[in-house]
């Protein structure tokens, strides 16, 4: 499991007094980018060439997060398809409580052809290898 | 179908050059609050008493939205359960193109007891009546 | 005075219960872009060629704004320098109350040379003409 | 000088390709809250009792920040008035480059009386002591 602490910002808190539901999407982004950065490396830009784009997200909100809470985002790749990757992410308190659990599907996308393309073997291998190295952490 | 235009902000656009995926959650909020405001009226606060809280969201991202696009959020109640409401929302361009489609589940929640409670008949009736009035719009 | 209504979003409200101070910057952006769009027209991109970039902002926060308030952003060009424009913007309630007053300085910037350049006469004239047409509104 | 690293989020980047000007206000918030937390301690809530509220901000934008940059926010109290505190904050790259410099004025505010009040001697002393401890860091 890839883990990274989240720096909560004052404006993340909404009028109800806890982290706004929408903001968790930003936390998930932090985890996802860091995951890809570590797993696949410097090769991925996000606005040109061959990349992965978010095509679906889902999230279940279990418990609120407050301004002074300490939380991490935990990220795993749970499925690698022909042209897509499915990830599971959780926002977890230092007490182990799961605040939010989300799933996201990313599709391959080529900015030049505007189409998806078969998942490169290199990406698949790097993702699998990285995911394996995280096991037990 | 309840419809409301969205005012896109410059900072909604991310480094890829279109509306950031996370920001669509803010657009959905705009539609959802306006829907409840019109359907149920002034009676709902969001940080005390008996309210509805978001417990699940999902979204499929079909087409990007750009800074100078004109988009609306379309909102419907698609299911009213014993203690929850399910809504469907779409971000739709003025050309009719669906950019994003999302579903959300809201649960009843009582800030005093910290528990859910049976959907009040008044809410159910108002939501059904409002949804019926939107038909064909 | 150029005026445009602001669509307040749920997540604009912070833990104190009113619009977060930082969010007013997004409201000012909405007014500023619309102002330039109407005054200078379609010719301005924001990430290539010859543009204006924000180099300084200041803001005084007088009164809070709440979720159900109705506010506008009022925008004027108050000074056109050799290579810069100074704008005054206010967030104003429909009751006339000034919630926030801000000033911003934009400098000319050429993405090709990475330098400022003398304000084009066409921009100066269009801004002056537009500002004059707003007088008394 | 109080220093804290900033966790940049993907959505902080705008259509121009660097951190959106407005987002720096969120970074300054992170520094300011942490400063007060360390200097004054657990005693300050932000939505009740006797607190400090932001009444003025100003910022000069010198250099852009990119997604993969590593930046810190540096915070100092530069003036303590009868009823207010003035702070200077900078967003600084790990190469020492100043990206943005901002000043903010916070006024005392009592949520019960809705008025300012004389700066408590305890706050003044704690802020001065904390600021002194930061010197040379």
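Lettered A, B, C and D in written order, each chain numbered from 1.
Just so we're on the same page, a residue touches a chain if its C-beta (ideal position, glycine included) is under 8 Å from a C-beta of that chain, and two chains touch if they have at least 3 such contacts.
Just so it is clear, the model here is predicted, and its values are computed rather than measured.
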| item | value |
| --- | --- |
| Farthest chain (mean CA position) relative to subunit B | D |
| Turning angle required so that subunit C lies on subunit D, C-alpha fit (0 to 180°, nearest 5) | 180 |
| Pair of chains joined by more contacts [C-beta pairs], A-B or B-C | A-B |
| Fraction-based call for subunit C against subunit A, same above half, different below | same |
| Subunit A and subunit B: spacing of chain centres that average the CA atoms, whole Å | 24 |
| Centre distance in Å when subunit A and subunit C are each reduced to the mean of their C-alpha atoms | 35 |
| Distance from subunit C to subunit B - Cα centre to Cα centre, in angstrom | 29 |
| Per-residue overlap in subunit C, given as positions that touch at least 2 other chains | 10-11, 15, 17, 22-23, 26, 29, 46 |
| List of subunit C residues in touch with subunit B within their complex | 6-7, 9-11, 26, 29-30, 33, 46 |
| Residues on subunit D engaged by subunit C in the complex (per definition of touch) | 15-17, 21-23, 25-26, 29, 46-47, 53-61 |
| Touching residues (chain side subunit B, partner subunit D) in the complex | 10-11, 13-15, 17, 20, 22-23, 67 |
